[in-house]
Amino acid sequence: MLMSSSDYRESLRRFRPTVFVNGRRVDSVADDAALAPGLNAIGLTYDFARDPQHAPLMLATQASSGCTVNRLLHIDATTTDLLYKLEAVRLLCRHSGCAQRYLTHDALNAIWQATHRIDADESTDYHERFLAYLHEVQDADLTLGVAMTDAKGDRSKRPHEQTVPDSHVRIVERRADGIVIRGTKAIVTGAPYVHGFLVMPGRSMEEADAAFAVCCAVPLDAPGITIVARPAGRPGENGAKFSGRYGQSTGVVLFDDVFVPHERVFLAGEWAHAGFLAATYATHHRHSCIGARAGFGDLLIGAGVLMSEANGLDPGQHGHIRDAMVELIKIVEGFFACGVAASVYGFKDGSGNIQPDAVFSNVGKLLLATQIYDMQRLAHYVSGGLVVALPGPDEDHNPATAASLAAVLAGRPDIPAAQRLEVARLLEDLTASYSAGWYSVISLHGGGSPEAMKREIWRQYPVADKVALVEGLLERGVAADSARPRDKQPGRCCVTGCTVPEAPAATR
Amino acid sequence: MLMSSSDYRESLRRFRPTVFVNGRRVDSVADDAALAPGLNAIGLTYDFARDPQHAPLMLATQASSGCTVNRLLHIDATTTDLLYKLEAVRLLCRHSGCAQRYLTHDALNAIWQATHRIDADESTDYHERFLAYLHEVQDADLTLGVAMTDAKGDRSKRPHEQTVPDSHVRIVERRADGIVIRGTKAIVTGAPYVHGFLVMPGRSMEEADAAFAVCCAVPLDAPGITIVARPAGRPGENGAKFSGRYGQSTGVVLFDDVFVPHERVFLAGEWAHAGFLAATYATHHRHSCIGARAGFGDLLIGAGVLMSEANGLDPGQHGHIRDAMVELIKIVEGFFACGVAASVYGFKDGSGNIQPDAVFSNVGKLLLATQIYDMQRLAHYVSGGLVVALPGPDEDHNPATAASLAAVLAGRPDIPAAQRLEVARLLEDLTASYSAGWYSVISLHGGGSPEAMKREIWRQYPVADKVALVEGLLERGVAADSARPRDKQPGRCCVTGCTVPEAPAATR
Amino acid sequence: MLMSSSDYRESLRRFRPTVFVNGRRVDSVADDAALAPGLNAIGLTYDFARDPQHAPLMLATQASSGCTVNRLLHIDATTTDLLYKLEAVRLLCRHSGCAQRYLTHDALNAIWQATHRIDADESTDYHERFLAYLHEVQDADLTLGVAMTDAKGDRSKRPHEQTVPDSHVRIVERRADGIVIRGTKAIVTGAPYVHGFLVMPGRSMEEADAAFAVCCAVPLDAPGITIVARPAGRPGENGAKFSGRYGQSTGVVLFDDVFVPHERVFLAGEWAHAGFLAATYATHHRHSCIGARAGFGDLLIGAGVLMSEANGLDPGQHGHIRDAMVELIKIVEGFFACGVAASVYGFKDGSGNIQPDAVFSNVGKLLLATQIYDMQRLAHYVSGGLVVALPGPDEDHNPATAASLAAVLAGRPDIPAAQRLEVARLLEDLTASYSAGWYSVISLHGGGSPEAMKREIWRQYPVADKVALVEGLLERGVAADSARPRDKQPGRCCVTGCTVPEAPAATR
Amino acid sequence: MLMSSSDYRESLRRFRPTVFVNGRRVDSVADDAALAPGLNAIGLTYDFARDPQHAPLMLATQASSGCTVNRLLHIDATTTDLLYKLEAVRLLCRHSGCAQRYLTHDALNAIWQATHRIDADESTDYHERFLAYLHEVQDADLTLGVAMTDAKGDRSKRPHEQTVPDSHVRIVERRADGIVIRGTKAIVTGAPYVHGFLVMPGRSMEEADAAFAVCCAVPLDAPGITIVARPAGRPGENGAKFSGRYGQSTGVVLFDDVFVPHERVFLAGEWAHAGFLAATYATHHRHSCIGARAGFGDLLIGAGVLMSEANGLDPGQHGHIRDAMVELIKIVEGFFACGVAASVYGFKDGSGNIQPDAVFSNVGKLLLATQIYDMQRLAHYVSGGLVVALPGPDEDHNPATAASLAAVLAGRPDIPAAQRLEVARLLEDLTASYSAGWYSVISLHGGGSPEAMKREIWRQYPVADKVALVEGLLERGVAADSARPRDKQPGRCCVTGCTVPEAPAATR
């Protein structure tokens, strides 16, 4: 079943979650104005999947069931799947800013891999449980939030060392039929308007942290769950034409002794595997983030050109404007290329799915994490100072000033002032408002901090190959590709030239 | 007379300006909540001047009158004046974000220089008129807005070529007792709550643009003036604790046939001098901007350290946090140093005042213009994602959640959650809100676009000296400092080593 | 026939070219010490092609003949071909620094496309001529130099406007059996040790430049050709262990009325096509450059790790060293990813071959052009100052000092001083010598200046799509993918989400 | 006495040092071609001091003696001294590339401060000994090398932990009349052609490292000293017109039980003071480096303009060239400004001299350390690829090619080819040769690695002031300058606005 955005909205009415927004209890998440932009954005992922023109990108066939599913619920089986997912995310985000639902995809794929691996090591049956759950999710076309980032408390301490144990989610009781979890997940994107949560461990664990090594699925309104969320985007804010339509809510999710039945538990104490699950999720997610922010980049590129044209400065004619536009394109396509490369060099996991190459995924995410600020700068550069200095939309209907302002605030004669102001306000919304801050910070810290990505790149890079190359060169006067035993890095050896690389298919 | 902030507020009540904010007519600018943050910020420039501890920085003696005046109304006479002004602006802006009144200083100094020069060339008496006006302004301790940036229309065309003549302010009538001006100044900082405007030409002019070459002073409520402004900062916005107290309004100022008596006119058609006036103002202003943004940097540095400490990550212990803090310091002190150098190498103008070195002023402003985005990035980097994901202040008093959140949102055990949240919200206000966008865009485009600064650097740099150096080296096997006639660049020859540099005084 | 490096060397002995190096006439290019590093580097492209382990990357099947050919002589037919060529170039250059022969590939592919297009437009038979020539080249396994960059003269003037006509190569006579060309190509990589030259137009032409629109093939020793070259690398230089073995010569090639028979002429006056040929070559070549410099990056990464380890600073333990290594990896894999994306989004030309996507190729080349300097910086950063301060190799055998130095110049106790010095000297050779300068400048300007790449990116980017996206969003409250007619950009629409993207094949 | 360069050369003939260059024993350092560029560069510091036009910068009056001395031997007493020293170094280095002798200045000032402080703490008489020595040095107008950087061995270990004790210089014997030192200083600039060495501790020490805490002066030819050096610059290299005239040698200095009499010992075991001495030297030296590299920047700026003009691309007309030139200027004047600010905010030490502000000195050095690579890039950018591809100077006299090349290698018609080639070769020498590598690495690592500078900035910055500012703001709704006890950072409180800043003198 592929729901429409209306179906999705309707489906949320079946839940009775405890949600607060700005200190106010929300009666119906499906009908609350403060959350509407969030539902609209996720709604797009439903409607696009039913639109035939988007079918190749938005639909996929789940191998384990043979069913056609939304790509954001699909377990990737080929490098093409990875590339299409990347493109699908870019497509959705260029229309909605950030469509959020790819988080569901990223967690499903990671749990698929991790449960397979845990079962092999620990003789558990998590993967089978998960498979059943996955098919349910796909059949019902659900959206799941990822409850991963713990409140953390003192960041210099490990989970079990915290003064306040509720700063992390953990198992507090094991019952015959399931487990009871407790604690806080601090930043859950889309928390109020998903069908349920995938609770994930936020980091690698040591034995003393075993209780914190927990992964499970819980419905949005499971008893004991309280969601404290922000409005999605800037609903109702004057001038926020875009962020008033599409936006993202983040919520703190408090788990107050929530019971989870066994069939929804996918990790429960096997602490040695928490790190793998977290890292694998991070790789899938960073790959998705690349597509998402490229879509955001498309918006800035289009708006930047429109604004500079309205100012009378055609980028084709004015070198310094063109230069800035090319810099913006260079940034966006530069990190997007890393997503493409991560797809092409995807690594076939033992569990049967495919994982984007970790080095390229992390490099791409790292590039966008810091360069989102440059993207904002370049959009401002080509647009001029009016973006933050323009009278607000309330002024448009002031009889005392409207006509005068309309006359003098036009730029190029053939572009009416109203059109110029509209672009300027879109740019303000995207680059000089809370939304701008949200996009920046979420790009920087979402999916792990830059420092975490750097450590992962170092851990995954085939450093030994490069060292062997140079050692061979020094020792024998000719570099060798086999001078010393290599790191066996999944999917990376190709780039180092030692085996045949993955092949993209011929052009159609 | 040195007014207090109360005096300043009271003084504004004597005006009856036509001001609209968000489409609403403002009854009393002194009492309008939407403008209060602007009055508070400018008020600080009055109160600090009366605070003995700040006297050395905030007060100066006007040479032409012997009077003690607010430094922001002072005509600089020494390199020390320049340095103290720079420090004074940094001081004010680290407390208020942006104290705006330095614009008055920058324009007064530029008009001082330009009128002296015009009189010499054109046998006019502008300087004398200006001197009388200056003393009035100083005696009354006024704040003046700078009405310089025209609406511009099609930016690829000159003023006289515009389809809509009102896109620029110009002289439309010359009367026996004065002139009548008409047109639009599009971005006037602090417009609603200043005592009057200094109308300035926004660029260099050609003969056909002569009517646009106009500089004069008009009171805030001169007949024919309409001000269409934004709120100052984020008044009344929840969570905007800082920007709700201090902020800046920008306004469009419409001049609908405004009469200006001769004694308030300082340029009226002498088009060849418009460029000098604009460029000189730009140099003074860019120098001031350096101090202003360094003050903003102080806020980010302090808040960044507090936030990372609250997270449990002491920069002294965690290399990647320290690295980011040092990068932030490097940026702030790096561009501030350009302001110091511009002071030391200040150029004594023929009119008796001193102008900051143009190359250092422009380099410093150019550095801050682009690096403000890096400053935001670094503040986010050290602070973590919570900055945009934290529940809003309304949640603090929600009995259903407040206690739980307070327990789990603490970081380091000895720092209460409330304190951590307060810093996080300050950071959101400064770096992830409309205020953040305002600071960024105003840093990038305020005082001229980066492209304008680059052209000015090229125009002012002693390129010929450097060429002569290398030519001497190539020709005679030894570089020469006198190989070919040099550019006579004001104040710059020192840096090239050809004459004795300015000397900073010995340490006290 | 696939020649070995010995065969290649031998084959050069059949030519009698006029070659000068450092003012000295070269008797035999195959035997001249000053050119040996160049022959070694190109020789690698022969030997690797005969090495079974490299066969998948180094060999390809030419569709038009069914023959197996060296990949550097192959006309690419699939996106896989592009990816394998990219990998092959990286492989070769990580062993040789720069293997140069990919230039042959780039020109052959461009001429293939251009001749097909010219024939269609002008009813000429260039493509057939070229096909015959191509097969000859492939059968004989030749290496061809690309004579494209004219001496240029005054760069602000077009070819036909130059005071010195010989600053550009042009047709000076048309005979019944061919043409006569004259003029100067200023920077021809590998000029002295190739089998012949592909003369290419260096830019787009206007009608007045028609004589300069010439493309043809000439043997190395065609009468009238004089080659004035630099030594290849740093032959015989003490301490240049790597650049003494592998290096590149660049030469000025003077054409003094050189006759070219018709069957070797592929463009002769059809000025409107010169720009296409030049731009197409540039796209192929920039794509190759990405692979080449990634190979150079592999050398720096390996050497950097070895050096920091020898200093006692394991990157895994010392955060600031790891940070620099990750930055280096980020740069190298970041631009390499653009090469991968350019392959995946390759554009099937009407002539039957495939061209790398122009935007990704140019973005990747632009990234490496400027970041090669950062690569050098990072290599220095992790290595320490010893790289330029170490006593030279002559000191190693000084009985008065050798023992003392060996004792004190070791770093980590388990790594002998000799080994540390060897890595340090390799780093000096690669990053602090003429070779370093060569790699930097050739990265920056080779294949066109950054400004040229920026203009090409702007020309090729689907700007109209992005504008339509935002216009749709503003007009109808929902962004559209079909709001206004799109640019039909070859191979780029996929990235914008409008049609199904190219698909990389499933993992093997 | 102020020696001339001839006197200096002659004075070196009185020494009989043990010097090896490239494995060859040097008979007379004053007459060895391999060292001539070094003597020329230092010679300039003598001749300029006797040139009346440079007197204000090059001479100073030593307060303790009343004598006029070379500024590079002067103990700074005022902020003006600091600024003049900075300018003097820039002047010398724009003529010589790097005049090296400022190292003497930096060490003398640091030892002045440190001996004063040690005496106060330890009741020693080092300062008096040093004063006598200083006057001798000034009277004889000597040049001293700074032997500071130990060979270091395993960099992850402290001095006393090293396997090879000779990797660091230390006291091995204490005699009645002096001490005996032993070990290796690995990178001593100008080692072969100075009059003696100031042996300095390379880092802070712990008690176990007490033997390594040694500072003393030894003559060049003290028994037991062996110097193993590189040639200075690129003597005798074809095409190295500049680096063949001026250059720098670095040497390893082996101390094989060298006796130092008490009156030349300034630190001998007082380990707690080693860190202060090292850090103080570093601050003086980093300040000098700023002037030095600004002088190098002057060369690049001049050469870049000459080259782009010769190519026919006037920066005034071609935006992308001007943009690159302005970027180059921005870098050079941007870090030079930090040197100016460090002078203005200089800190009066208890010993009576003045020390540049540590934060500004380190920020400036850090900026140049990384941006030297950008300077090289920009010089290449404006110059074009010919810089590394041009036929070498031997070709100029080849009768077979000289005339043709001269004709076609000209650029702008009014600039002869010979002149263009000369500039191109200068650029190759400065930016694409071993000299380029030397300037880059020495900028990056000279005076301490970037990591060391970052730590020093963090240590010296008045972080507590900024924290107090924000705390005051949060607590009391208004920021305070006295909210909590401040760090008492020497010379920095001014920048934070809390006390009156140093005042540069009025313009002359």
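The chains carry the letters A, B, C and D, assigned in the order they are written, with residues numbered from 1 in each.
Operating definition for what follows: a contact is a pair of C-beta atoms (placed from the backbone, for glycine too) under 8 Å apart; a residue touches a chain by one contact, two chains touch by 3 or more.
On a predicted model such as this, the values are computed, not experimentally measured, just so you know.
Asks: Check every other chain and keep only those touching both subunit B and subunit D; list them.
Replies: In this structure, the chains that contact subunit D and also subunit B are A, C.
Asks: Could you find the chain whose CA centre sits the greatest distance from that of subunit A?
Replies: Farthest from subunit A by mean C-alpha position: D.
Asks: Out of A-D and A-C, which chain pair has the most contact pairs?
Replies: A-C
Asks: Quick check on subunit A against subunit B: do more than half of the interface residue numbers occur in both copies, making it same, or fewer, making it different?
Replies: same
Asks: How many angstrom lie between the centres of subunit A and subunit D, each centre taken as the mean Cα position?
Replies: About 49 Å, centre to centre.
Asks: Find the geometric centre of each of subunit A and subunit B from their Cα atoms only, then give the gap between the two centres in Å, rounded to an integer.
Replies: Using C-alpha averages as centres, the distance is 39 Å.
Asks: I'd like the Å distance between the centres of subunit A and subunit C, where a centre is the mean of that chain's Cα atoms.
Replies: Chain centres of subunit A and subunit C, defined by C-alpha means, are spaced 37 Å apart.
Asks: Of all residues in subunit B, which are in touch with two or more distinct other chains?
Replies: Residues 320, 323 of subunit B touch two or more partner chains.
Asks: Within the complex, which stretch of subunit D touches subunit A?
Replies: Touch list, subunit D to subunit A: 319-320, 323.
Asks: Which stretch or stretches of subunit A touch subunit B in the complex?
Replies: Counting only subunit A, the residues touching subunit B are 20, 22-25, 149, 151-157, 163-164, 166-167, 183-184, 186-187, 226, 228-230, 238, 250, 252, 254, 256, 311-314, 317-318, 320, 370, 373-374, 376-377, 380-381, 384-389, 391-392, 394-398, 400-401, 404-405, 407-413, 428, 431-434, 436-438, 440-442, 444-446, 449-451.
Asks: Residues of subunit B touching subunit D in their complex?
Replies: Spelled out, the residues of subunit B in touch with subunit D are 53, 56-57, 77-80, 83-84, 87, 90-91, 94-95, 241-242, 245, 298-299, 301-303, 305-306, 315-316, 322-323, 325-326, 329-330, 333-338, 340-348, 354, 359-360, 363-364, 366-367, 419, 422-423, 426, 454-455, 457-458, 461, 463, 466-471, 473-474, 477-479, 481, 494-497, 500-508.
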